[in-house]
Structure formats: structure tokens, C-alpha cells
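What follows is a pair of complexes built around chain A, which joins chain B in one and chain C in the other.
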Partner chain A sequence: MPALPAPTRLQSAVEALNLAWRNRVFYLFVAPFAALTIVFGLWPIALSIQVSLTASASALSPNPTYVGLANYATVLADPIFIASLWRTLWYAALAVAANLAFALGVAILIDSPRLRAGSMFFRLAIFLPVVTPDVAGYVVWRWLYDRSFGAINAAAEQLGLPAFGGLSSVDTVTIAVLIAELWHHAGFYMTIFLANLAMRDRALEEAAAIDGATTWQKWRFIILPQLRPAIVINLVYATVQFLKTFTVVVVMTKGGPAERTNFVSYYAYQLFDQGRYGEATAMASLLFAIVIALSLGAFKLSEGRAPK
Partner chain B sequence: MIAQRRGFRSHATTAVLYAFATSLSLLFLYPYWWMCLGMFRNARQVTGDPLRLWPEQFDFSIFAEIQRIGGVPFWQYVANSFVITGASTLLGVVVTAAGAYALTRKPELPGFRWLRYGFLVTIMYPYMLLVIPVYIVVFKLGLLGSYAGIVLFLALGPIQFFLFDQFFRTLPREVIEAGICDGASEAQILFKIILPMAKPILATVALITFLINWSQWFPILVISRSPDTFTLPVALLAMNGELGSNFRGIMALAFVTTLPVAVLFVLAQRRVMEGMAAGAVKG
Partner chain C sequence: MRIARLLGGVFVAAAAAMASPTDVKAQQLVIWHDLGDNGVAMFERAGAEFAKTRPGVSVRSISYPTDQWFGRVISSINTNTAPDLIFNNYERVIRIEQQTGKIMDLRATLASIADKGFLGEDDLRVATFKNKMIILPVQRVQMAFGVRKSWLDKTGEQFPQTWDDVKRISAKFRESDPDGNGRADTFGMALQAAKPRDLIHMLDLFTFGSGLRHTLINPDGKIMIDEPAHAQVLEEFLKTYSSYRFVAPDTINHSFTEMYQVILGSRAGMFRVGDWNVRGWDNANALGGDFVSGPWPKFAANRDNAVVIGGMRGVAVPENSPNRALAVEFAKFLLGKEAQQASLELVGAGVRKDLNVDALSPRQQYFARAQHRLVAYDFPESIHTFYPELEAAFHRKLLAGIAAPPADWKPFIAETAKEMRELAAKLRASN
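Up next is the complex of A and B:
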């Protein structure tokens, strides 16, 4: 049999077109999805990168002035941005650790066979804030922290604890924001842990019990390794979530007091509001790069350590 | 004797665990209760005793006071919420189901892999920062201030796509092949064979999309030109930002914003929690 000639570029293009034409009905199915993805996803991202390369004053005009990477240079030389970036990273690390530790603890508690009768109620209570509109939840928390209206200070007073500064003090605003966000998000991470706990291999635990393993050993060496998928998913989700912290700031603190909660996404939005489009989109691109790098890093790290 | 002691200790442990889990759950529910009380109590009553667990009176007069917010009648925010959430959910479910079906059924078609990657990039971009350039896009399309602009933007979401993707991947191929053997067209296969099987997943995705889109506020605020197209969360945010805060009004509005999704969630709790977990695990 003679060797077939290597297909030319033209031939393969014709074949591709043929294949596409024979399956045209699938293009019809996918067309609306493709249109929405492009118009409200890819185009805005491209536009955002384009705007980040232009002078703010001309950014929205038909003939914008391109300034290269000048906006990135401005942003990276802006001490407020650098401070905001460190604050965002620090807060995200803190929030991820607190949320995952809390969610894992609650999941283990609720998963306990001793609590079977109440399990559904506990899940419901911890998960309800996840589906509660974030604006509504944070508005209520804002007032709960209020010095004269709020229940939190009144409770502290009754228990004989010192007054809690809440959102008005630089020392307590971070923890106050963190608690409100934990209330809103932890139920989601808990559900992932619970799903993973339900799928675990219980025969291993019985075997360990026969071998005389202690409760601690059972958790540390049998159950925790099996929770790796949930830990990875939650780590990635929470990292992305808390790097973008925004709504809670808009509703409760407006970045204050003394810039303590001026995280990157809020700062970028403020610049956008002032018409500094070039710098705002440059910040967006930088945060995008950080989010992708960190979530890929978290993913790779867990993959690399996974026993094969 | 020892067995009895152990039995007692085990009961005591169970009681302690119950007490702890119950307190934690009540702590998580407390803000809702406090919000409800806030609707009925006036400012002096609240500041005098913020911890009171039962209102002094059931006074619904606040709902008459917030008949108009920001120059727009209250019912319009409620209607906007239902119309925008309902329309974007319907559109999102149909468009995503058809798209995910085509992408998983024929991944080898030219351009399909690129579209999948493109969608993944889109959902990786910080949503809140995507909204800024979306403003420019919507402006260029001439849809600023329109319901259409808001609904089209809210239609797509990652969890929805992953849930459909997962479902269509696990669909047995024999089902489709049997349809082909019977001489069914692709449209018939989709509408007569796949859709009836997909009913549960369609319901789950619709439910989750509704819950997610009901909570949206930032894209709606950005695409709107006036409060005429605000939904309840956006109206609540605007009221929260006003000077001379109206505590009772804010609590009443927060209550109305929360009630529909809370009821929906309690009615369909298992489906919501399992669906969200499944959608996240795939992502």
C-alpha cells in the first residue's frame, strides 16, 4: 500500500470544515452559550487588559492613547496599593485558615453518629447564611456590631467582658469583618467536607480499631488523609474567595477605619469610580495574575504531595 | 458495673456534643432573629435593651413607611427581583444545558475545546473586577440601564456549567446510540431522550441559579442607570449607605430580601446543598 501524502494545511482545513458542517446542529446548540461567554466574559477581559495599557483620560474614547505599561508602573509605585496588597494577602491567609479549620471542625462534629437525630437541623443552620444574600447578611452584622444598637456589645457587657470595638476600632475591625465573612461562607466549605466524610472508607477505621488505634491516631492517620480532595477544593475556593473580599467592605466599613480594610478589589473599584480606568484595570490584571498563581500553586502543592 | 459506667459516660458525651452543636446552630441563626425583632422595635427600645428576645409589640407600620425608597415604589424592587432573577435563571439553564450538552457530546469538533478553555478563563477572572469592563461592553451594546443587559450578564455561572457537564459526561452512551439506530435526528435525541432524563439536574441547576442570582447586587448596580432597575439587595445597599440611617427600615428590607431564598432553601435543602457541593467538586 503506497504511503499516503501528508495532508496539506488546506486539506486539513477543508476536513475540519466538513466535520463542522456535518455536525452543524451542535454548533446551533452551543451558539447562545458561546455568544454569552464571548460577549460577557472574553471580550470584557480583553477590554480590561487593553484599557490597562491606555491613559485613563482617553480610555473610553474611540481613539485611546496607549501608554505601554505605565499604569502598571504607577500602580506598583503607589504605596497605598502596596499596603493594600499586603493587607489583602494577610487577610486572605487568615480567613482561609479560620474558615477551613472551623468548617472541618463543624463537619466532624455534625458527622458524628451520636448527633444523627439533629444532623439535618445543624446543617441547615450553618448553611442558611450561604444562600442568604450577602448584602442582607452583612447589613445585619453591621448593626450587630454597632455600639448602641448592637447585641454584641450588650452581650459582652452582660458577661462582664470589655467593650468590643467592632467596626470602629482599628484593632478589631479585621476580626469583625472576618467573623461576618466566616458566618456567610463557612457553611459551604463544611458541606464539601461533609460530602467527603460520607464517601470515606469505613472499613479502614474498623481495621484500625481492631489494631487498637486511639481516636487521635484514627483521625490523624486514617480519616484526615482521606479528606485530601475536600481540603484541596476548599483551599482553592477559599483562597480565590478571600483574595476578592469586596461586598463585606462595601456594606460594613468602606475601607476604614484608617484604611484597615482597604483591600485590593475595593481600592481598584474606588479608582474606577474616580475615572482612573487605566490604573483600576491594571490592578485588576495584577490581582487576576495573583489569584491564578496562588490557586494553581495550592493545586500543584497538593497534587505533588498526593501519594500515588 | 463497668459497662454501666461506660454507658453513662457515653450518654454524657452525647449530651455535651448536642449542647455544643445546638448552641453553635442557634448562634448562626441569631442574626436572623435579631433582624426580625428589629423590624418591630423602635430605636429607643433597641438601644435600651439590644438583647431582648421577644418584641415589645408587633408593629408592622415600618412597611407603610418604606412604601417608597429612593423615589421608587417598594413593590417595584420586589418585582424587579423576581423578574430579573426568574428571567436570568430560565435563560441560564436553557443556554448552559444546550451548550454543555454539545461540548461534552462532541468535544472533538473544531473550536469546542477553545470555547471550554475560554469559559474556564472567564470564571477564573475575579468576578467583581470583571464587572468593570462589563460596564464598558454593556455601554457599547447600548444596553446600559436595561433589564436585558442585566439578565444577559447574570445568565452564565460556573456551578451551573459544571453540574450539567458532570451530568452529560456520566450519561450512558448506549442511550444516545439507541436513538441514532432508531433514526432519530439530533434535535429529537436532545428533546425526546436527553431532556426527560435530565429533569432532576435541570431542577437542581434552576434552583441554585435562582438562589445565586437573587443575591447578586454589583453587576445590577453597575449596569443600572437609575434605581428603576434595582433589585432588593441593591435597594438595601443604597438604603444602608444613606445618611441618618433608618434602622427599622433597613431591618425590614433585609427581612424581605432574605425571606424568599430562606423559604426556598428550607423547602429544598438537600437538593441545594448536594447540588452546590457537586458543582464545586467538579470545578
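Up next is the complex of A and C:
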């Protein structure tokens, strides 16, 4: 059988136009959102990358001086940035693990038939911090941690426990910040897990029970694999969230004590505040690249391991 | 006939109006500052006075939070959308000049002012950056040592004169419940430490207030912190945050906002008082005037202590100011008596010595009359271009020390001095 002749470029272009014309209503509706995404989503990113290639003194002028990758070289040679980057990665890993583990645990408890009566109350109680303005929440946490009049140390004193260093000790500041962030974000991850738990196929669990599976086996081999979509979404979202940790630092610690919470976003902000726009946006661009790479990596990993 | 007369009258009136000298064009000068409502009121009043001799001219001032002020000024100057004038602390205008290079040189403007004898050599020195007069100094920024009057009375103490007095009073303020609420929730002092300028600013006050002339580096580039007199002040300063426990334990994370919360929340008895603070703190909703101001404590018997001049606030004109000539006229006008009186009454500071201070509160008068010796900052950033980076490293080192205090601060200070010398040499070479 003779092979069909390959379509010419002209034919391909005409077909593409025909397809676009057939879907014109769809494109018409999508156009405003696509324009908004480009203007408010992609354009600032492109502009930020452009600024990272210019000399700080001329960065905001109509004719900036381009310095190539000099700002990136400066930033990568800065030991404070390197320390800040490692600290950020470490904190993000810790915060992602803590938030996802906590959210999954709470979701499982709330999903339990034994807790059905108070389910709505607990859902609301844990989700409420998500919709609370973050600055207000972190100000309250700062007061709670205050070593001279905070509730946490007052309670510790009543119970005869040693004082908690909170935000003013290098030994406890990371955990203190992590707890405040967990309070603010975990409700969101829990909601995703709860949605996925509600969608799971319960017949599989019944079948496993008939086959004599233990509770642990049911969770390990039946339920957890079904939670893969929620785990991937939460993992990617939390990774992005905690790599960019900023507000909690501004409100509670200002990068201290002794740089222990000087994460990349805050360090870049400090440089921006000093008018070092080129280096600040170079840092932001590097962080952006890391966030994209880790997010794509997480997606690829989940695709590769998805049940066939 | 009546109609004809009426029409004739209207015609004559219209002709007279057209012939009158209304060629004065309505002009508005815009000035950006960060002085808040008090500053807005000050420029409004100065603008009204200015308009008396410049019919049709009005002045509109806009106050931005300091960090926003920076970004807006830099971007507006760089994009030729600058305001007519900008107003801020000298070192902030330096940063604008460093970023844009478009701040007008006001040397000729100053030379054209006849009545300027009240501006001293120090005032003019801090207004000049790289041989360019970037501001006309309008306000001296004075910072004194403040103490809660009622707490002093309750503990049977007088205003502290020496560092030993401060240490004794601090301990009493912490331990003897000076606010009488029955709880041990008060501290000797309110300081700040979180951001690089916060901690060094506090150290500057203790250093200059004790009569020393340089906090970190002298004009010749010599690191000063391990010189015996400097090391003494630095060691005591660091102990204030650590072993002495004179400040709240969370001070390491405190910036201006938190420091003010500690002061206004009656949690600390000794603090910095800026001339711009007094009007607000006299208010019943703040400290209700329950504080006394004086010079910073004396660290050595042979050295005079002082109130610190933390700089000059002044007015600058961007080279691309839309109404440049008029803006320069208004800048000069801000040194006149009427504008200076408004500045003193509404913001708490001025530079003229012939102002009427009778209507001010005793606490405002303390600054207005400049009753004690004044010592000005040394402004190393105007001499050493690498200074901000050096200072940031110094701040990091000190914060690390406060976070994990050594048993003996002397080796720490010696080590810090060595590191600063090495860094200064490196930065000098790379500049």
C-alpha cells in the first residue's frame, strides 16, 4: 500500500487555523485570562530576570547598564547567601515533612467514623488559621513565644518545666517558626487529604478485610496508594510554599537570631532594601529556578511511580 | 438706560480684570518625605507662608513609610517623574545620590542665602557628599537618653549621670516593680538589635553619647573597636543585652516597632528619646509626659558625655525636578524663621537659634534650647564607600555574640577587631 503524502507546511498551517476557528468561542473566553496571566504572572518574572542582569545603580533607569551574569557570580561567591540557601533548603524539607505528616494524621483522624460527630468542628478549627491573615497570626505567635510575658513560658513555669527559648534562642527559633507556619498552613493540606480520602474506593478496603489484611496493611497497600494525587499536590505546593518562606520571618524574627532564620527570600529583601537590586533579583531568580526544578522533579517522580 | 449702565459696568470690570497682573501662573510644588502627619502639617504651614510672597503657588507634601520612600524616589528620579523636592535624613539622601547621581548641588543656593549663621561647620559637613551639597540642612536630629520620671521617683533615684548609675537603676527597674502592677514584668532599658542599622545605631548612641568620636572606623580607615576606651563601651553595651539582663530577652529580634512597643507599653524605664518623639510622647495616650531627657551616660571621668546629633534632616532638589527654580526657592525658604518655627513646633526640630520656644513643653524645650553638649555622628559612609558592607558584617558578628554570649567579651572584641581589619582591607582593595 503506498504511503500517504506528508502534508505540506501550508496544509498544516491551514489545518491549525481551521482548528482555531472551530474553537474560536473557547479561545475568546480564555483570552482575557491568558492576557492577565501574561501581564501579571509572566511579565514581572521576565522583568525580574532582566533586572538581575543589570548594574544595581542603573537597574531602575530607562537605559540600564547590563552586566551579564556578574550579579549571579557575586551572589554565588557570597558565603552569607550560600549559608542562607542551605538553611532555606533544610528548613523547607523539615517544614514540608512536618506539615504533610501532621495534615495527613489529622485528616485520617477526622475521616474516622468514630469522630463523625465532631468532624465539622475539627475541620473548621484546623482550617480557620488558613483564612486568618498571616501577619495577624504571626504577631499573636510572637506574643505567645515572648520570653517575658508570653503564654507559652507562663504555662511552662506553672508546670515546672524549663523556659522555652522561643524566637530569641538560636537553639529553638527554627522549631518555633516551624510551629507557627504549621499552624497557618496545615489546614490547607489537610483539606486536600480529606477530599482525596472521601474519593477513595472503600470496596477495596472491604475486600482486603475479607482477605484478612491488618489495619496497617490496609493503610500501607490500599489507602496510601490511593492518596498519591493528594500527596503529590501537597508535596509540590508545600515545597514551593516553604522555599519562599518570608512573612513569618519579617513579622517574627527579622532573620535572627544570629542569622538562623535568614532564608533566601528575606536575604534578597534585605539587599533590595539597600538598593542592591541586581543582586537581590539574582537571588530571587536562583530561588525561582530551584523552586521550578524541585516542583518538576516531584511531578516527574510521581508520574514515574504512578500505578500502571 | 439702566441696562446700558449695567452692561457698561460689566465691560469695565471685565476689562480691568483682564488688565490686572494675573500672569502669576498657579503652580504646585510636590515634596516627598517620611515624617508622617506631623511632617505633612509642617509643610502645609510652611507652604502657606511661602504662598504669601508667591501668589498662586501651593505646596503639597506626601509622606511615605521610609522603605517605600526610597523605592519611589529612586524610580521616579530615574524615570524623570521626580517630585519637586525630597526631604529626609542626610544618609538616606546619600543613598539616593549614589543610586541616581541626580541630586542637585546646592552650594550656590546656600551661598545666596544671607541669613545662615546658625548653620555650623558640622551641619554643613554632613550635608556634603563628594564635594556636592546634597541637602540644605533644615532639622538637627537630636537623640537624648530618656528615663521614666515616675519610676525614678518610686525607686528614689535621680536622672543617671554615669554608666554605674545606669546599671544600678536598671537593676532597680527590673526588680522593684516600678509600675506597681504587682508583677516582675519591667526592664531597665528598651533597645533594639534585629536589623543591621538597629544594633549599630544603639551602639552609636552609647559611643557618641559617651564622648567618643567613632564607633567602628575612623576617617583614616583605622578600626577603633579594640581601642581601650571604645572596647569598654562596646563590652558594657554587649553585656546589656546578655549577662546584665537589662533588656527584655526578645530584644535580639526587636526592631524600631517592637522597641517603641516596649517603651510605650511601660515595660522599660530607660530609652532613647529623639526630638521628634517628644510631641507624641507628651500626649496622654502615650507616655503623658512622664519622662525626663538628658545626655547619654558618662563612661569615663575624663570624658564629657553628650546628647547625640544623629544627623541632619534636610531638603534636596532632584536635577529633573519639574519646577526646579521654584523648588530651590522653597528649599531656601525652609531655612527662614517662619518655616523653622513650624518645623520646631510640629516636628520638634530646627536649625535656627532665634526661634520662640515658650509655647513648647519643658521636654520639647530641652531639645529646642540644646541645653547640653551636642556630639554629632561621624558619618563614615561619606568617607569610606565600603562602610555599609563593613557595618553589616560588624552587626552580624555582634549579633552572633549576643545570641551565644562568650564567658569573656574581651577576646571576642579582639577577634572582631581583627576580622573587621581584614574585611576593611579587602573591601578597600576591591573598591
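Rule of thumb we're sticking to: the second predicted complex is superposed on the first by the 270 of 308 C-alpha atoms of A that agree within 3 Å, B and C clash if a C-alpha of one lies under 4 Å from a C-alpha of the other, contacts with A are read in each partner's own complex, and residues count from 1 in each chain.
As a convention for this text, a residue touches a chain if its C-beta (ideal position, glycine included) is under 8 Å from a C-beta of that chain, and two chains touch if they have at least 3 such contacts.
Predicted model, so just to flag it, every value in this text is computed and none were measured.
Asks: After superposing on the shared chain, does chain C or chain B touch more chain A residues?
Replies: It is B that touches the greater number of chain A residues.
Asks: Check whether A:F149 is in contact with chain B, with chain C, with both or with neither, and answer first, second, both or neither.
Replies: both
Asks: Which partner does A:E259 contact after superposing on A: first (chain B), second (chain C), both, neither?
Replies: second
Asks: Applying the touch criterion given at the start, work out whether A:S112 contacts chain B, chain C, both or neither, answering first, second, both or neither.
Replies: The first partner, chain B, only.
Asks: Tell me which partner A:T74 touches in the superposition: chain B (first), chain C (second), both or neither.
Replies: It touches nothing on chain B or chain C.
Asks: For A:A125, select first, second, both or neither according to whether it touches chain B, chain C, the two together, or no partner.
Replies: The first partner, chain B, only.
Asks: According to the stated criteria, A:V251 is in contact with first (chain B), second (chain C), both, or neither; which is it?
Replies: first
Asks: Determine, under the contact definition given at the top, whether A:P133 touches first (chain B), second (chain C), both, or neither.
Replies: first
Asks: Going by the contact rule set out at the top, does A:L60 touch chain B (first), chain C (second), both, or neither?
Replies: both
Asks: Quick check on the output: what are the common chain A residues between the chain B footprint and the chain C footprint?
Replies: Correct list for chain A: 60, 148-149.
Asks: Under the stated contact criterion, what part of chain C meets chain A in this complex?
Replies: Interface residues on the chain C side: 67, 70, 74-75, 78-80, 95, 98-101, 185, 187, 193-195, 248-253, 255, 267, 388, 396, 399-400, 402-404.
Asks: Under the definition above, what is the set of chain A residues touching chain B in their complex?
Replies: 16-17, 19-20, 23, 25-27, 29-30, 32-34, 36-45, 47-48, 51, 60, 106, 109-110, 112, 114-115, 118, 120-137, 139-144, 148-151, 153-155, 158, 183, 187-188, 191-192, 194-195, 229, 233, 237, 240, 243-244, 246-247, 250-251, 265, 268-269, 272, 277, 280-281, 284, 287-288, 291-292, 295
Asks: What does chain B use to touch chain A in their complex?
Replies: 13-14, 17-18, 20-22, 24-26, 28-32, 34-35, 38, 43, 46-47, 49-51, 94-96, 98-103, 105-106, 109-112, 115, 118-119, 121-130, 132-134, 136-137, 141, 152-153, 155-156, 185-187, 190, 211, 214-215, 217-218, 232-234, 236-237, 240, 247, 250-251, 254, 257-258, 261-262, 264-266, 269, 272-274, 276-278, 280-281, 283
Asks: For a test of understanding, state which residues of chain A touch chain C in their complex under the given definition.
Replies: Interface residues on chain A, with respect to chain C: 56-58, 60-62, 80, 145-149, 166-170, 252-260, 273-275.
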